[in-house]
Amino acid sequence: MEAVTRKYKAKDYKSELKPIWCPGCGDYTVLNALTRALAELGLAPEQVAVVSGIGCSSRIPAYTSVYGFHGVHGRALPVATGLKLARPDLTVLVTGGDGDGFSIGGNHFLHACRRNVDLTYIVMDNQVYGMTKGQASPTTAPDWEGSKLTPEGTGINPFQPLVVGLASGANFVARVSSSDPVNMAQIIVEAIRHPGFSLVQVLSPCVTFRPEQAEWRDIVRTAVVDYTDDAARAARRLMTDDGFNVGKVLYKGERPPFRPEFEKTNGSIAELEARFLL
Amino acid sequence: MTVQSVSLVIAGSGGAGVVTAGSLLLDAAANAGWYALMSRSSGPQIRGGEAAAMLRFATEPIMSHDDSFHLLMAIDWENISRFSAEIPLVEASLIVGDPAHGDAPAALLSGKPRQAALPMSEIAGRIENGRPNMVALGAIAALIGLPPEAMQAVVEKNLRRKGQAAIDASMTAFHAGVAAAADLPAIAKLPAVAAASGPRWSITGNEATGLGVIRGGVRFVAAYPITPATEVLEWLAPSLAKVGGVLVQAEDELASINQIIGASYGGVPAMTATSGPGLSLMIESLGLAVAAEVPVVVVDVMRVGPSTGIATKSEQSDLNIAVYGLHGDAPHIVVAPNSVADCLFTTQWAVHLAEAMQTPTLVLSDQAMGQARAIIPRPAELAFIGQRITATAAVEGERYQRYAVTASGVSPMAIPGTAGLTHTADGLEHNEFGTPSSQASDHHTQMDKRSRKLTQFNYGDHWADIEDAEVGAGDTAIITWGSSTGPAREALRRFSDAGGKARLISVRLIAPVQPEKMAAALKGITRAVVVEQSHSGQFHRMLRAFYDLPRETCSLHQAGPLAFGPGRILEQLNTWRA
Amino acid sequence: MSGKPQDGGAIRTLPELLAHALAMENEAAERYGELADQMETHHKTAVAAIFRRLEKAEKAHLGELDEMCRKVQLPHYAPWDFKWSGSESPEAIAIGRVNYQLSVREAILLAFEHERKAADFYAEIANTAEAADVKELARQFADEEHEHMGWLETYLAECGPDDSRVLEDPDPPLGQE
């Protein structure tokens, strides 16, 4: 315990805008945890940017008082990549859902993990498309029959974001539950502090289209094992668990982040032009 | 022909060194004080395919390729028929082939060109490490009047690393070619030039585009490789590093466009380069840049479409997607360079426009300019540097309005890191603060504002190049854009040299349209020919939609990869004159 | 989820108590406010009104507390370092426990549950702390929470039996972006 007060309170990171999420939605908790984490880190709001794509969870930037960018569906990671590479001084966070990140934005997810830019990616996974009235998402179980689009279930294997993230090179992997905003805040603090691409999967129930997910708060359990720096071990652990071990960092890698330098000018435009001169 | 010039093609396949020979010849011509233009055509193979280097030399700046070639130097005939449509030959033309490879294919002979033999491989075989392409170069030099010492300097420079033996072998083969040319029929010769009229550059359109990007102030580039735009990126990667910029290779074009949007939102002017297929993927995010008001520059080096089309060859057929491709009403800027040299000016201008109006700007270059190398007079310094209007400090008691409604439509942009001005930039329709809104009034207000930015901007005279045979005289105009401008310029020159009076209007600012300026440019014009390289006449249709054209307007349009030569345009002008 | 000592048991000094009280009352006020906003956004005005009343009550309480804290140098606690047994502060209703069709009655019961937790938290400190000033203040805080519970009981009594019945929403959810 330090005898210093923090300069900012969690609510200093919230905007005046009232969220339009359904009451009980897990995303409220993520907003809560995110703002607590930023307060704990003491980051000036203008030094932070939250980037998102499209979906319920992608609404987060407008609900914060930091710089925000609300782009198109699936492209939050490249926007954040460009922003962070151009402005390494900023703390850049990416928020979104499972559809935005793993379906339409799937390729960017793989390459963001590979590229390992110093970003923190918080994915609110509710295994459903909420904004379009409840269709199956890439993380939906194959036998979920709740959507008119796939009345007999998708019949296809759910995407394993954390395992795929590990295999692709994510430098920090954690899973948390929206039932515990304080733990989530703690993990987000760690994720932001850890250099490189940090992936935080949040089990964030959709109370409207997946009401059965309300049970998640009772199913989730704190993972018993602490994090490893061995991606293979972390992957094995993930491949064998049921998806409800939460609350701890699973993997922390040591790979240096991708950060091309905007070097101090060691040339000039005149020099470039001189090469064309006959 | 009014322009004193020599046009020739060097063709050959797998390892014949055609492209290298063309480059050496271009550099040698530059040493001789000439101006030059070289484009190339090649087969689909990555290596060893058939290739042709098309060159034109003159003692003054060159605007386009000629209608036909004086000389076809064929190191072999492999698949050369594939290029026959791109190598127009007439009775005055000369085909020189190597008898070791048999006779010229019939496809090349429809224009009844003269033919002659040069045993390039046999001559080269007699020289240790001699190569047929150097023999060919020697013969070409002798035929067109290029001084051998001009080549000597180029070979020495290019082969310095390979050592003196390599230089000697090349020059021996070259001189053997010079000697052998004594037995060949004559073609047009260019006079030697004592000293060039002024400083000259050797540059490709893609390099000029890259330089325009840097001159304009861009310091972040993200891109995905694609023919024929890749050279823009290959030039930019090391060049940006020299001036404190960065190029990132993205995972796809969706990523490139969004990375540059992110970087530009962060306050660093940003661009990407692509071709048609990549532009198609970027379209949704271009709309995002319009709505979120983030300046970005996207260069489309056009190739033959649709789909993968013909990746290595040119067409002006992305005009429609560039102008109309975005969903919703999405005011953005489309500009087009009209020569290799203009790739520099127009791209630099594009950065300036994008930054000034905080909107995406598309630059429609094409393969014909992008991959062409030209010897050009040194381009002028330009004042255009991207200048973004930013908000730098919070106003006491006022909440920052990212999308404030202003008279100019441009709202001062707060760059992340600026205290007190945090906001969310949004692709959702929003109010002045950036807060998402589905209200009609907000949509209308923001639409008006985004549109006003473009309509109220002063584009000056750069919207088009307007060239008169005699200022104010004549009632005939050529209206064109992009790389079709070169042959149109030359047609105008020939027409005026023959006493005709006409006006060239080459539209650089494709969108937003400039009806008042066009009306002024068309003053006194009663007849016009619209020239473009597209199957459906996209440019002509666009002109008809937005401009009052002369009653008698005809459209000269054809699909790529064939370009109109100056002669075909001149023919149209002469029809009216008769 | 995190293993914490018994509620409030580890709080020994006045600054520690004040830091906890301040955090808890702040969170409670903010949470009630947020829940009121959520319900207002979804036009659940009756439930929203309950949460709004509670927010006001907490804010009033907070005003007095702020005054007290001004004279004391408070230790800083990260959110996960507070000495309550749950993860969030005892008074804050977990966001996941409300829903779109929450009835007034349910809202009151939920608030009551958390006010009681807050009261218990303070009571525990009052019972276990050694310092007289800590004991006294904790007792005072506990009493205030009991006061809130009293109001809630009154509200509950005002609730007719109909308040517990949640009508079906005849309108289906709408598609957005």
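For reference, chains read A, B and C in written order, and residue numbers begin at 1 within each chain.
By our rule, a residue touches a chain if its C-beta (ideal position, glycine included) is under 8 Å from a C-beta of that chain, and two chains touch if they have at least 3 such contacts.
All values derive from a computational prediction rather than experimental measurement.
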Can you figure out the chain closest to the middle, judged by Cα centres? A
Which chains touch each other through the most C-beta pairs? A-B
Based only on mean CA positions, could you tell me how far subunit B sits from subunit C in angstrom? 68
Taking each chain's centre as the mean position of its Cα atoms, how many Å separate subunit A from subunit C? 29
Let me have the rounded angstrom distance from the C-alpha centre of subunit A over to the C-alpha centre of subunit B, please. 42
Taking each residue of subunit B in turn, which ones touch at least two of the other chains? 428
Residues in subunit C with touches to at least two other chains are numbered 177
Counting only contacts in the complex, subunit B reaches subunit A at residues 30-31, 196, 199-203, 207, 211, 214-215, 219-220, 222, 239, 241-246, 248, 250-252, 254-268, 270, 284-285, 287-288, 292, 375, 378, 416-428, 434-436
Per the contact definition, I'd like the list of subunit A residues that touch subunit C in the complex. 1-6, 9, 11, 18-26, 28-29, 32, 36, 40, 54-55, 73, 131-134, 178-183, 185-186, 189, 205, 207-209, 214, 217, 221-222, 247
Sites on subunit A touched by subunit B in the complex: 15, 17, 44-47, 49, 51, 61-62, 64-72, 74-75, 77-87, 89-90, 107-108, 110-111, 260-269, 271-273, 276-278
Using the touch definition from the top, list the residues of subunit C that touch subunit A in their complex. 1-2, 26, 30, 34-35, 37-42, 44, 73-81, 87-88, 94-100, 102, 172-177
